[in-house]
Amino acid sequence: MLSSTVTSLTVLLIVVFLFKEGVGVFDKTAMEEGFVIAINKNNPVDKLSSEQIKNIYDQKIISWEEVGGKKDSIFLFRVDDISNFYTDEQIGENFEMLPYRLSSLVDSFPGVIAFFPEKYLDKNFKGKKLEADKVTLAEFFGGEEWFPTAHPSAQLGVKPLILGTLWVSLGAILLALPLALAAAIYMSEIAKERVRRIMKPLIELLAGIPSVVYGFFGLVVIVPLIQSTFGVAVGETGLAGSIILGIMALPTIITISEDAMRNTPRAMKEASLALGASKWQTIYRVVIPHSISGISAGAILGIGRAIGETMAVLMVTGNAAVIPHGILEPMRTIPATIAAELGEAPNGGLHYKALFALGCVLFIITLFLNLTVEFISNRKKAHKH
Amino acid sequence: MFKLESKNVDVFYGSSQALKNVNIEIQNNTVTALIGPSGCGKSTYLRLFNRMNDLIDGIKIDGQVLIDGQDIYAKGVNVDILRKRVGMVFQKPNPFPKTIFENVAYGLRVNGVKDENFIRERVETSIKQVVLWDEVKDKMKRSAFELSGGQQQRLCIARAMAIEPSIILMDEPTSALDPISTSKIEELIHELKSKFTIVIVTHNMQQAARVSDKTAFFYLGELVEYGETKQIFTNPKQEKTQNYITGRFG
Amino acid sequence: MYQIDENKVTRKKKRNQKFVFFLFGAMGYFVVALLVLILTFIIYKGASAISWDFITKMPEEGMTKGGIFPAIIGTLCLVAGSMLFAFPIGVLAAIYMNEYVKDGFIKKFIKQMTNNLAGIPSIVFGLFGMSLFVNKLGFGDSILAGSLTLGLLALPVVIRTTEEALKAVDNTFRQASIGLGASKWQTTRRVVLPIAFPNIITGLILSVGRVSGETAPILFTVAAYFLPKLPTSIFDQAMALPYHLYVISTSGTNIEESRPIAYGTALVLVIIVLFTNLLANGLRKYFSKKVKMN
């Protein structure tokens, strides 16, 4: 029956589509498509990385010396600047003279760097066209700036996004884990059955509330609260994300670890009590060691949920794609980046593919966490027999 | 004075009565077997002596249960200390998810013993008492789950003995074991008799006949007959007892 | 024997236990209090926004006034579409897995894959839906593409709950039926499925709750910021409740003025979740009583 393979098939398809598009980013150049960057033919520089190009255009690099050239200051030229050098007649009504003028302009300024559409590249261009490098893995994972729409060269460093994701999720787990474990222990070992029967469905309900509602709650309650409590300029911070994600991870951790603790054989608990141990001693010396794999599975799945969560985070973390230095700064996570930017990324372009590559990263992280959980619970089974 | 004694004990689970007016006196350093068909109340009765039944919601206990002449259900009785004096061995071997050493040391640790040398000595003595020492002395740091079922059960007995109780309750201790492990445990019960008062619940009538001095036969929550084991098995006074031990029901 | 002061030790044990239990109890109730807080907040703030007009009218004046009717309709379409896709396939897959496939490598593999699928973040489903349904298959931003994406997301949920329902059916029923000469399929259809049916339906209801609140998968596959009309075919774009809440609370033209609408929309979403949960629990109880009585 085909239907049974549907999940395997879906996973396979997801992998194929995600990676086909995502890996495509490394087959592209960071340079804007259809444009060229040209320099004077006597300039010894042959190559510029996309980061260098960006810094040149941001005027953070002002001398060719800084990128391995001569001691010559850099003269920035954009195609719109042409009217400063030539009259409209010299360019021609339909820009028919533009390629020629560009060529001679590049030829006459030794320190020039020119950025213009490829269609205006003269057949006998007298300058040197810079070859644009393909995006590399090192740039992608090592780059410290995420600026996929930058002119003329996009910056595709995912480090700020990965760090943002980690900060927010770790914060969430630090907040959620102690609460969740206490609640799970209380429900499974301490509370009366009657109390437990009310608490459990309530906590399961917590899992059912849509993430966008959590995000909205965070936006109207948590964010202003953080702003006034910590006196920060904007309340949309990593901390706001951590709090909301922490609340969202609670039911996952509670339910799974509670189940694990309730699976502790009654006889094992009785044996401990029969030796004169108190109920609490029994819990931390017998019940917790016995259910430790279930508890860790719950915690890992909670982290997984936090890492993959999109909407709530998108709404409360402020989404600044910079490397975070503290939990009270705006941050941007991988899923939030995809959600915020995919709508504006032209189909099949560099930005689009870069977002799919982010999807691949996310997929690999969550798959890894899932497999870890599977491994832990399998080891537990083997251990029992 | 008797070691263990129950006077007019009634036990109710909610509205159903599990034990009806049970009176038994048990002498020091004897083995007493509790027999009877499933659900007759023998396990409930056993668990009265270390107040294990307290854990069940909606249970009600009337009458008196005495250890060394003291009512253990009286107000102000410290259950933890009581349970320290009354060891218990369960139906299935139930070691903790810890090392062999820590399993036996457990009772000492939870009762506040900190002296590691003392703990080591007690662990060794207890394991030797259950004749397990030669089999485990080289793997004290290994998980208790690595032992065979019979070894695990002997470890559980050692665990109960490490805190030096004067009474050991056994709830069908061999029902999950093979014949060889069973006979080892039975031998052990014989040897332990000189130091402990043992009460054992068993389904196996040959076992009761082999190991016990006295036998109590329960049926539907009532104590039908209580007496010398030999007498119960050769010349029971009650017809119900006769029917049960000859296998006509049960 | 080693001398310890038993009373001192037990007093200490009691004190520790009391403290810890109090702490854990407090934390447990704190978790419940959080939930109650979130729910009461949304209900309190949203209640004043909700009216008959709110449910049945089009948005007006840049979504700062009027109702959320098209978003409700859109969500209904998406839920129906995704369930039409996921439910039959999921149930069939679960039946096949549970009744036909023998334990072994293949079963383990399929199980693992189902688990993996359940663990994939919803935004990745969104990416996938966009590249396959919207672009590759050319459905464009449409109810069809959105439903299929949401359906894939719901699939592992349906499979899991159905499998659990089937597992809960006692094997003696199967043996009895096979013993009477029924074929495997007859047994499954006439004996196993009727017994498992209530639990399967419960799973369906719970996945409806889940699907109706998902935002990330529909961002790029169907959701429209604002549409003045209702969808007329499965190739139309549509508004949807969760997306509507997202846009009017973060990127609307006038966020402050549209807050009441946002509260109202959040409340509608919460009501859907509460309702599906209660319904599922109620059904479960009702059916379990019925089975006991027979």
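A, B and C label the chains in the order they appear, each numbered from 1.
One rule holds for everything that comes next: contacts are C-beta pairs under 8 Å (C-beta built on N, C-alpha and C of every residue); 3 or more make two chains touch, one makes a residue touch a chain.
Not measured: the values here are computed from a predicted model.
The touch graph of the protein chains shown is complete. Contact counts per chain pair peak at A-C.
Each chain gets one centre point, the mean of its Cα atoms, and the points for chain B and chain C are 50 Å apart. In whole angstrom, the spacing between the mean C-alpha positions of chain A and chain C is 25. Separation between the centroids of chain A and chain B, computed from CA atoms only, is 60 Å. Of all residues in chain C, those touching 2 or more other chains are 13, listed in ascending order.
Shown for chain B are the residues that touch two or more other chains, namely 80-81, 84, 110-111. Within chain A, the positions touching two or more other chains are listed as 278, 281. On the chain C side of its complex with chain A, the touching residues are 13-14, 16-17, 20-21, 23-25, 27-28, 30-32, 34-36, 38, 41-42, 89, 92-93, 96-97, 100-101, 109-110, 112-117, 119-128, 130-132, 135-136, 152, 155-156, 159, 206, 209-210, 212-216, 219-220, 242-243, 245-246, 249-250, 259, 262, 266, 269-270, 273-274, 276-277, 281.
Chain contact summary for the complex, chain A toward chain C: residues 1, 3-8, 10-11, 13-14, 17-18, 21, 178-180, 182-183, 185-187, 190-191, 199, 201-206, 208-217, 219-221, 247, 250, 254, 278-281, 301, 304, 307-311, 314-315, 335, 338-339, 342-343, 347, 355-356, 359, 362-363, 366-367, 369-370, 374. Contact residues of chain A toward chain B in the complex are 192-193, 265, 267-268, 270-278, 281, 285-286, 289-290, 383-384. The residues of chain C lying in touch with chain B in their complex are 1-2, 4, 6-10, 12-13. Chain B makes touch with chain C in their complex at residues 78, 80-81, 84, 110-113, 115, 118, 122, 164.
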